[in-house]
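Sharing a structure here in structure tokens format.
Per-chain residue numbering starts at 1, and chain names A, B and C are given in the order in which the chains are listed.
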């Protein structure tokens, strides 16, 4: 009888809401979601069943990559939890769909970058598994980052007013600053003993200043702002020193003011801000923002359907303005859900810090989540005229191979911050 | 009604929201599978200082995880960290240094169960039963586990001995403990010996695993006498080394 | 680790900033979304500056007053109906500002805040705006005005549906006269006089003075007045049309005696008169959906018996719109409670989704049921002893009051007639003004009778 009552107690105390996620059913649902979105694009004429087969291939590769990743990780790395990857898949899928609508030519690169990003994600999660190994990699990576950026100054090509591209051969062009983002987070994070022994931030401040400085030379203001915000975040997490932060903010404020005074582009953007609807700006400097706002309103809560929007016809619709495409064709709800993902990643990183296996993981996860949030916010609020417009892309969603790979690499830091990630390898007993 | 054509748009948005909400609820509600457990015992006063985080700072500063009273200790003196291989102590540029078994440390030094740690003129015993020097050596040489444990089915009183540090429970015939019950998954749960000691791991089962009435998320440490519940089947976990030690002490 | 995980909380600041940005954006979408969507730059809605699929505007009987055909807006096939309803429906160039075409542009365009332009892009048709007006009766009103400037407004005082709303001068939006901007005949042609024309109420205001007198409880109804052709004050006289001799209020109203009502106004006092007028809707915001309505004003002079006397007979500085006059009559007819007038009966999206429906919405009570009944009997008496029921069909029980409003001594006064049918089947309240028409009962009443007659005929 005693046993019976215990069983009952077990049943009653079972908290239904807090059941961990079942990966496979969720992945099936996600796949169904993506298949429906993709079919809206790939089937160009439903009555005559005209199908765009090239598109179909890209979508197929994308879906296959998701499944292969999950199956491989379950089978060989004994992973059980895939929530973070599932959200990454969701965001990347929304991006692929929006690009399929706005710029189908970009799908090849985007899909390939997704596969590479996923591989990079797996590798980086493995590297981060051992914090000591990761700590040893920081110095060489930091030097590499500076070299990449310096190389960018000399080898870079001007694309859309910024010099932040390196073109290799004629086919491949990469955006080095995207990869430096990952290294920046990597270098910024440290284990507790490292934090205790190197109390001053001189090395890190120097590294950050070098990165931001080079980005300014490259005229990539949006990315420089993101780096600076991430620097503030990391600097405070490392030192807790308000004076350092205040100093950095003051100097940045002064620098920003000087730039705003002398750089006509920045001045222009500040002048346009909150005035985009004025008759002389609506078809000029406020063109992109007004078209995005019109698109958001036209899309309504649930969107017009993929391929039905007008924002997609505007220049830079697949990169800077992708948020407008998402809102117009998939609804404001989906657009805000994308932002919510980045907010929730940040909340999760904070929430997870207490149970983290090292400050290295908690700082890296928070910095990565913060960087993604900054970038997403600057993009979304920039194109909707909430803040001045700066040309940064929306993580995971915007078209861009380098960006896609670096976003997945940043996601690896968040994944590494999840205490369950290394559970099986951490205390594994190998069978004889 | 023509509005039916609009339904897919609504469903699409709701599915996206559902996936996000479900994933994040799962992320936020997860409990990490056990925390590191170790204790520092002041050799003079016998006062215990519990270590329950992976990285623990020792020092005189208020912000230290373990605040030391000794005037000879620096504000941030040392960090004890639980790494993949085991426990380490790192002196963090303290003025008076950190000693392990009488030797001054430099960089990270691995510490074992029973080691004496000197900080700021005070000696502490490091107590972490699963991190003994022998166990560490053994696990490095070969993963053979010496731990003796068993699982008793309370309905039948049949005892399964756990050999090789791992016992599988499930409906499949290849499992160590086979339960013929449709509510039990093919490979339902694992009881295994890890660096954290014995843990029971829920293998994504349909009906879950309970330990002493609470549902397990991922893995949960178990100790001698704990009741493991799988659907309506209750097992008692026995850790004989633990009970021997307790018997010897008593 | 403790301090490190505490410091991580700085991230909350950034999260809060992001959420604030999201809230700001969402607020913008909610408050300005329709402005953004209906921007002329929206290629979903506009092609070369014209709405691609603006929805139909229909009248109460389902007649199409305005529709999109082959990319351009076309109006009702009858030129007189087009002219009669110009100010309600609106033109193609936005000159008639307070029109359905202009004010319900968002609905007509096919945009709605939840579905965006989804319906338009799928059905190529905006929402249909169904009006409560009856085009046949409006045409009758247009004909009855016979080219004179003025306005006719009729509404159902039980439901609030505006059945007739005609303002002249007007023109045919499909054949715009070339001399429209030069010819004096088209003076103020773009203004809808029903809701934006402000006129002195003249003798029609005596209804309100009478209501105030009944409410005052000073025994005004039984009081004997003597009219020797004027009401005398120390500042001057309020002149009357004739010497009515000895009479009581009932008779005074029927004969529209200025002397008696100037005295009543002074007996009642400025405050009570103003209060009654305000309870009827003077100095208050009167609404007609999204269409603009000018506020009628009154400022009864307190220490000036002469001015107060003039105010009591609707001269002084008081100004009123025909719409409010109709509503005042509706309030009396409906037992003291006015039903708010509406013009847009229903807005239906292309997919058959009803976005807006009008229903009888009661306004604030204007006067007690008792007073309403007494005023009603006074207005009925006017017809019985003065105007004669023969203007209307049998059993209609018309009630009303004429008015002749002076504006300029050199000009013919405006002719007013306000009233209602005390009839369950035809609960119509109406107001007619003919600018520089002369006598209210001789000029405005026949117009009212003609329009109401057309309405009654169309119902039976």
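By definition in this document, a contact is a pair of C-beta atoms (placed from the backbone, for glycine too) under 8 Å apart; a residue touches a chain by one contact, two chains touch by 3 or more.
Bear in mind that the values here come from a model prediction, so they are computed numbers and not experimental data.
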A-C or A-B, whichever has more C-beta pairs in contact: A-B
Most remote chain, CA-based centroid, reference being subunit A: C
Identifier of the chain whose CA centre is least distant from the whole-structure CA centre: A
Geometric centre distance via CA averages, subunit C-subunit B, whole Å: 79
Where subunit A and subunit C are represented by their mean Cα positions, the distance between them in whole Å: 58
Mean-CA-position distance for subunit B and subunit A (Å): 33
Per-residue multi-chain contacts in subunit C, two or more chains: 1, 3, 115, 118
For subunit A, residues that touch 2 or more chains besides their own: 192, 240, 301-305, 356, 359
For subunit B, residues contacting two or more additional chains: 6, 9, 54-55, 57, 63
Touching residues (chain side subunit A, partner subunit C) in the complex: 192, 195, 229, 233, 236-237, 240, 277, 282-283, 290-291, 293-294, 296-305, 308, 310, 328, 332, 336, 339, 342-343, 346-347, 349-350, 353-354, 356, 359, 362-363, 366, 369-370, 373-374, 376-377, 380-381, 384, 386-387
List of subunit C residues in touch with subunit B within their complex: 1-3, 115, 118, 122-123, 350-353
Residues of subunit A defined as touching subunit B within the complex: 3, 6-7, 9-10, 13-15, 17-23, 26, 29-30, 32-33, 36-37, 80-81, 83-84, 86-87, 90, 94, 129-132, 191-193, 196-197, 240, 301-305, 330-331, 333-334, 337, 340-341, 344, 348, 351, 355-359, 418-420, 423, 426-432
Of all residues in subunit B, those that touch subunit C in their complex: 1-3, 5-6, 9, 53-57, 63-65
Subunit C residues touching subunit A - in the complex, by the definition given at the top: 1, 3-5, 7-12, 14-15, 17-19, 21-22, 24-26, 28-29, 32-34, 36-37, 39, 41-44, 111-118, 121
